[in-house]
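Lettered A, B and C in written order, each chain numbered from 1.
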Amino acid sequence: MVKHIIVRTSGQGLYEFTSKVEAVVRAAGCAEGLCTVLVQHTSASLLIQENADPSARRDLEAWLTRLVPENDPIYTHTDEGSDDMPSHLKAALTATTLSIPVVEGRLGLGTWQGIYLWEHRHRGSDRKCLVHATE
Amino acid sequence: MVKHIIVRTSGQGLYEFTSKVEAVVRAAGCAEGLCTVLVQHTSASLLIQENADPSARRDLEAWLTRLVPENDPIYTHTDEGSDDMPSHLKAALTATTLSIPVVEGRLGLGTWQGIYLWEHRHRGSDRKCLVHATE
Amino acid sequence: MVKHIIVRTSGQGLYEFTSKVEAVVRAAGCAEGLCTVLVQHTSASLLIQENADPSARRDLEAWLTRLVPENDPIYTHTDEGSDDMPSHLKAALTATTLSIPVVEGRLGLGTWQGIYLWEHRHRGSDRKCLVHATE
């Protein structure tokens, strides 16, 4: 089963959507299997990270933005704004696809793991993902 | 179905091979399913990125090469040339495997997404990938 | 088939566990198929890298630790120790899931590729992974 899902963002940062992925696994009726997520954009990415303490997510955002700042003179691809090329770079350094084994009808994530969409543009938008779940 | 494919490179940079992956999906006759790509090298990697404007790809290459320069005194693994250790590092920071849901017999990529092999060595070569496609 | 496996670590660095993943593929009896690995932690990650020369792995560790040092004043998430936030960042920059096609009953890795768990904490521990293998 493949489902389209939307993750709505309102600016840069990490947005958890584990429950939306879990809903596709339940709808597919997998007891044991595999679940794959793809983000259909090149200026947002995917991350499995700690879902306990929000300070870890704030630090991830701050650190990555310092590593890949706006207005770096190395950029030539600047027509779509100062956050465009940093977005592509941040997406390249993180994940566009994730594959998660399914165990006993649920995503086989660790206790503290959640699935996040990482929005790299200042302007939020409706980010499209595909979720595939199979026995 | 698993197929071996070759992506020929002629130096550092991003080489699109979406159509070769798409051909495996068609040959497998998947209507809905999953397609996985693995690059069988540790000095090249995979990237899903923007296929519209070549300037974004040039900037990706320039930025990553500045982050991971040759001849860094931290390197001890230097026998195979000055681009050897940077190649391993660039591969570690990007992807070696990608998994893409198949929808209506086609790769479920976003409008502007293409699949690229990222060559990290100066000397191009025939880079081997495995493509798995299944219902 | 989904199996839980443990990779025991004794401090920061790369620990090969290709043979443990290969054992799951054999147990599943796949001739051709797909094998997926997930690490169930947010302070360790996965890497497919060169298994020939240990110097490449030492350089990977040294370079990444220089890029993501401890005690960076940008960190606010510091309760669990000075290696906590660097661990999350290193995990975000590398892989949490890997998917490897299976060919002739074996992982379709390249000649020099091995599967590694990358431990990012000083204190080693028993790291849990899930391995899914299917035709």
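The rule is short, and it goes like this: a residue touches a chain if its C-beta (ideal position, glycine included) is under 8 Å from a C-beta of that chain, and two chains touch if they have at least 3 such contacts.
Source: prediction; values computed, not measured.
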Using the definition of touching given at the top, classify the network of chains in this structure as line, ring, star, complete or other. complete
Is the contact between subunit B and subunit C built from the same residue numbers on each copy (over half shared) or from different ones (under half shared)? different
Quick check: how many Å separate the C-alpha centres of subunit B and subunit C? 20
Two or more other chains touching the same residue: where does that happen in subunit B? 34, 36, 67, 93, 95, 98-99
Under the definition above, what is the set of subunit B residues touching subunit A in their complex? 32-34, 36, 47-50, 53, 55-56, 58-60, 62-64, 66-67, 93-95, 98-103, 108-113
In the complex of these two chains, what residues of subunit A are touching subunit B? 1-2, 34, 36, 38-42, 67-68, 72, 74-77, 79, 85, 88-89, 91-93, 95-99, 128, 130-132, 134
